[in-house]
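Sharing a structure with you now.
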Amino acid sequence: MRNSKMNHAPMGWNSYDYYDTTVNEANVKANADFMAENLKQFGWEYIIVDIEWYSKDAGTMRKNYQYIPFGDIEMDEYGRLQPDPARFPSSSGGKGFGPLAEYVHSLGLKFGIHIMRGIPREAAHRHLPVKGCGESANEIADPSSICGWNPDMYGVRKSVCGAQEYYDSIIGMYADWGVDFIKCDDICNTNLYRENQYSAAHEVEMLAKAIEKTGRDIVLSLSPGPALIEKAWHYEKYANMWRVTDDFWDEWDLLKAMFYRCELWQNHVAEGSYPDCDMLPLGRIGKGFDEGRYTRFTKEEQKTMVTLWCMFGSPLMVGAELTQLDEWTRSLLMKEDILKMVSNDYTGRQVERDEKHAVWSSFNKQTGERHAAYFNLQDEEQTICLDWNQIKQFPIEDNQPVTELWENKDYEADGSVLSVKVAPHGVKLFVCK
Amino acid sequence: MRNSKMNHAPMGWNSYDYYDTTVNEANVKANADFMAENLKQFGWEYIIVDIEWYSKDAGTMRKNYQYIPFGDIEMDEYGRLQPDPARFPSSSGGKGFGPLAEYVHSLGLKFGIHIMRGIPREAAHRHLPVKGCGESANEIADPSSICGWNPDMYGVRKSVCGAQEYYDSIIGMYADWGVDFIKCDDICNTNLYRENQYSAAHEVEMLAKAIEKTGRDIVLSLSPGPALIEKAWHYEKYANMWRVTDDFWDEWDLLKAMFYRCELWQNHVAEGSYPDCDMLPLGRIGKGFDEGRYTRFTKEEQKTMVTLWCMFGSPLMVGAELTQLDEWTRSLLMKEDILKMVSNDYTGRQVERDEKHAVWSSFNKQTGERHAAYFNLQDEEQTICLDWNQIKQFPIEDNQPVTELWENKDYEADGSVLSVKVAPHGVKLFVCK
Amino acid sequence: MRNSKMNHAPMGWNSYDYYDTTVNEANVKANADFMAENLKQFGWEYIIVDIEWYSKDAGTMRKNYQYIPFGDIEMDEYGRLQPDPARFPSSSGGKGFGPLAEYVHSLGLKFGIHIMRGIPREAAHRHLPVKGCGESANEIADPSSICGWNPDMYGVRKSVCGAQEYYDSIIGMYADWGVDFIKCDDICNTNLYRENQYSAAHEVEMLAKAIEKTGRDIVLSLSPGPALIEKAWHYEKYANMWRVTDDFWDEWDLLKAMFYRCELWQNHVAEGSYPDCDMLPLGRIGKGFDEGRYTRFTKEEQKTMVTLWCMFGSPLMVGAELTQLDEWTRSLLMKEDILKMVSNDYTGRQVERDEKHAVWSSFNKQTGERHAAYFNLQDEEQTICLDWNQIKQFPIEDNQPVTELWENKDYEADGSVLSVKVAPHGVKLFVCK
Amino acid sequence: MRNSKMNHAPMGWNSYDYYDTTVNEANVKANADFMAENLKQFGWEYIIVDIEWYSKDAGTMRKNYQYIPFGDIEMDEYGRLQPDPARFPSSSGGKGFGPLAEYVHSLGLKFGIHIMRGIPREAAHRHLPVKGCGESANEIADPSSICGWNPDMYGVRKSVCGAQEYYDSIIGMYADWGVDFIKCDDICNTNLYRENQYSAAHEVEMLAKAIEKTGRDIVLSLSPGPALIEKAWHYEKYANMWRVTDDFWDEWDLLKAMFYRCELWQNHVAEGSYPDCDMLPLGRIGKGFDEGRYTRFTKEEQKTMVTLWCMFGSPLMVGAELTQLDEWTRSLLMKEDILKMVSNDYTGRQVERDEKHAVWSSFNKQTGERHAAYFNLQDEEQTICLDWNQIKQFPIEDNQPVTELWENKDYEADGSVLSVKVAPHGVKLFVCK
């Protein structure tokens, strides 16, 4: 049912890490311009507008609320949320994100938006009609299905008249706007409901069906995580991406924990099916949250993050404000020989892991190219040692030389065993010649 | 902080088991009349109006909803719910339940109401002012705190301006009306929140404080159950009753399960502190739910229920429509020598229990009076046997005769051991002479 | 690390369902003879001796114990369990299962045994030496690692000297005997340890390593279930089969529950990687447990079971005493056009499922052959209807005829939709022509 | 059933905190001598020999094991553990702890021992007879019931012949020895069994019954914790003390957590019924574990600990080696006006608590004496403020002076409100004059 015409995990930019709820049209265009000019050639293509583009007072009570309860929103007569015209002037006159999507497309890029699952609470309390059927919002809204952290929506009921029609009405509108990517939130793990954390599975199905009806190739991305491993089969059937983690930020503990998550999900990466490690909090981030900051990750940690995301095959979504990229961060986003491992041709697997270190391999089925990465999970430098014959698809000839890709330097194994010093929280990434 | 001037667990009538959401003024008066005339002398005194007396369309979509989402309610300009004047004509003109309470008082009885914790969702979405302060409903309503089974309210936030004032405003109004008993729902176990089932503890404290401020003796009863044993100290500090079970109905499995619940809570019964086994589904019940029915409990099961509730010390709230009482049920409610065990003078304890049977004792500290009950939890008749010297406060002289209270018949022990046949699901209740 | 040279899920016979702990050499030979003569040609090849072949008093206290605590066992001087020579005469003189394996091989079949993970408790209490190293049993046995339901063994510690040597010593002996299949128990879900149900993961790794060292192709099968979906990656890395269910018997509720389990594990079937639905309790079973019985499954339920196991790709292990097979059961085991779906060439997927019905598809990547099965999970006959264009790999031309395989009858779709009546608990299995 | 002739919570010395498994007769006598001479007059009376007094190799492999698996033990022909005669010379010749108990009694003190629930594993594997019946150890030992952290015993089965006889045989022997206090371990929370943490409830009942049969006043103390609040009724019925915490040591986090535990159990302190906060790790401790140390608690923390234990009504068991007591610690153990609050005459209750502070009250029903303690749970000094009229049994006259007991200084309230600075982790303890 899902779209699977994808030859690698999606790569792009997302407004959340820098702008929180406050991104506007000018910001989006500036980042798109930068991407088209500098990053497109390395595979980056999606421009995603994240949460609450429909809110008129977003960000105005930031000390008390990230999402203002009972706040002021832009909504049409059918209970369909619209971009706030003050922030997105091109949307005025009911044009929605059409003009902005068109602009992004004109740069050779793709355009995506964030949505909350469900129907606006206000639409339900006001008994607004659902487009395309005789039902109204109060009939399809489930007053017991809310998001635990955002006050905007009610979930849509299962198997009631008007429910699929509502999803058809919003997804059809997004397709008309030219949307290529939908990140639906409060749906991958509806964590308020601890005994039924996938309580909105039926809404995933309705979304997938509505997307299919549009005939448009739209990537369906599910948030937030952690995704439920016991629902892997369902995500894989209906969606393209699903978050394997709660919000990821620039903290070593979260990065270290990702090794567990990638272990858990490693066998689930396939064409059109991408477990998602979340955005890359690189460069300048956090402006919408407070004063903003440069990422707290060290360079070693950044290399570890990029290596893991790529070998695992995660989608890559940059969180940095692109127009403020420094040289180092820019260079990370252009590491072609590392980024290419997100392609479907590569199979990444964890070789071993404990509290102190991890080793991953990646194998290109088409070319036979073989990679191995040594990760140091400790706070001190350590020597990591591996017998490459342990890696099923990595058997090497004795003393075969290999190249480390981050420093572009050759190493030689002792027999089939390679021992190498790795910096704290750092990585060595080898490719077989 | 709680009211503890009570010499026995509350006894009364509650509208829910018969009327569901649909009870009206005439129904309440008729039941009060009956109680005053026939039952008051046996200790029965409370008349409780249960859920959604403020709803104007309650019961009109019963096949689809017990509680209609986004339905029509009676509310004042401060977001305080009022009785539906169509159902409670005496409340018209803003008089609330004042006139009805006065009527009940005139019969020598006490008047109680059911409330849902929190503030009406509609008040929050409409930004109504809170009486007695500068805040408005949207500022004190917590959009993430809902009831899992009733769509009417939002929980009230902790430690925000206007929160205590809101509770003061409603409880003060109830005191003005002459309310003697408040059954607050969705508060004892806020079961939607599985990892924080006592998520509204702060609302219990606000309720208790508001009641204390009124200076009126108001019993505070918390629902639904099961109450959390690890919060026993909190219930005991702030409330008078708390439901130890989810809704109790006329099914043997629920009755059998109550033996576990009474075991769990037996050490927590004290003056002003009454773990609550829920209403007694006797006689005619269920009218508001469908066509109504006569209780499905056999007579033996009814005796078991009344005996357990009394020996444990539970509040006793009759669910039957009193005006339709048959002789048998009426006789149950007049069993003075059994009902008196709910008095604070008696201490009830489980002696032993397994899957097949249970034995309870009750000891009157003042008079030395001693009871023991043998319960048959099996589906066949069985002989239950007990050495009375095992019961700490029950040592009897050899071969001492005892009286069984349900059949009013004498039995004699063999030494200190009494063996007796008990009917399926039945009980023998002995008192020492 | 695991053996993956397998072109379909293992098919064979297992002694447990009929013999419990009491199977002997003559029984094993008789079943092997039958298989060689009648079933081998349909893919059946494994003969498995199940639990406690080392016990000398197995079955003698069956009313009190399935597994006698502190009972009498056959063990060599290194704490390695040996077949009870009274039950397995050919094993006398230290020959173990060598002669019996040789017999089975002579029939063109393969030979397997059941083991409990760990080292005999008696070896630890007696401080017996471990073969091949200086350690003794008390040093490698973990006194806190026991099986919750069998009293024979202690788990082996992680990362201590002598631990791998112990596993090498037993697996090497099994390889010497000619064992082709090891079903290791109390390891897939060590269910006593509720917060660490995969507590013996290190023993799985030691087993896999020991098997690899032997150089022999030995299938590694892990029991009991339910396997932990979050450990799928680990099972897939080290083992060939793992039980997705606790013991399966001839009860509809268990069969119905298997639909959930197959849904959960459907994406995990691959070459050498077979989630295991457990033995097929067909024909005569249960003799070792009490008096024995004919399977309680109806014929419709048996067809449902075989269809589900085959489309899912589960190993097939017959529980029936083969020498007592009736015609019906025998015919089931010869249904070549159904059994072939366990081949690696077929991909089975659940199309839809609810409480009332399930639909599965199976697609042969090599030939393009397409199957669909309609399962009736209700107790009454029902009509199940499906639009075949919903099945990604099943799009059919309008009104294309299909054949039902159990009754060998042609059906025709109405457009792409096929509606068909299915018996209670039964199935219709269609193949596209 | 339990012994309830106690007018205050037990106070004494326990060997564990200093000696671990290694205490010997001379150590015990030295501590008893010290107590008799210096502490007895303040209420201290119990001398407890803690774990593995029967082990001959205890402490010899301390780096690898606290409790050596399959080690060397002293046991009689009935599987009853005996003191190691090398460590306890007076026990030689089968006299057990008789002579040592006699010595302790001669000093006017009481003598107690630690036991593990169940029967030695070695007795079961050797099929030793149970004294007083025809059964043997292998018949009553449950091979699935072990301790998760100590390898010595198997649990005793429920309702099998020989089970009560075994407990009678050991408890009778202890009574013959003159034991006054039994601390039974692995019984209050059998934490290996996460879904049945009170799996040995039947062993508690057998212990209580065996004690009652002896006719001797023996205190029954259950370990380890945390005790299960839902089993409060059972502990209260059969035992005198139960640990509300896992092992308590000299770490602030553990002390801070005790405020939660005391909140939870506050309503469960009564005559003969003492929830137990565990030993007081004061003075010199830890010798058996490594080199030993002086308690890591600051003086403020020690005052906080002693105040909380006393107001709550916990048993008080000193962990310090008494013969090495410094002046400060000695003074703590002689604080008569604080220690007396463990008497049954006092009722202690938490008044309020949050992450930053706690307030407790204690009320003497006999004398009307009233205490209040202000605890600072923060790492910095803070001012704590309380309106004493909030404390039900503490209403004071305006500006009534009170005395702080640790510094013996007078304070005066402002109206009914007293504000006072409290040191980090410290306490102010006031008594009304």
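Letters A, B, C and D name the chains as they come in the text, with residue numbers starting at 1 for each one.
Everything that follows uses one rule, which is that contacts are C-beta pairs under 8 Å (C-beta built on N, C-alpha and C of every residue); 3 or more make two chains touch, one makes a residue touch a chain.
For clarity, every value in this text was computed on a predicted model and none was experimentally measured.
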Handout entry: Geometric centre distance via CA averages, chain C-chain A, whole Å
Key = 40
Problem - Gap in Å, rounded to a whole number, between the CA centres of chain B and chain A - result: 51
Handout entry: Residues of chain D touching at least two other chains
Key = none
Problem - Chain contact graph, described as a line, ring, star, complete graph or other shape - result: ring
Fill in the blank from the handout: Which chains touch? The pairs are A-B, A-C, B-D, C-D
Completion exercise
Per the touch rule, the chain C residues reaching chain D in their complex are 69-70, 121-122, 124-125, 127, 138, 141-144, 146-149, 151, 192-195
Practice task
Write out the stretch or stretches of chain B touching chain D in their complex.
Solution key: 1, 229-230, 232-233, 236, 263-264, 266-268, 350, 392
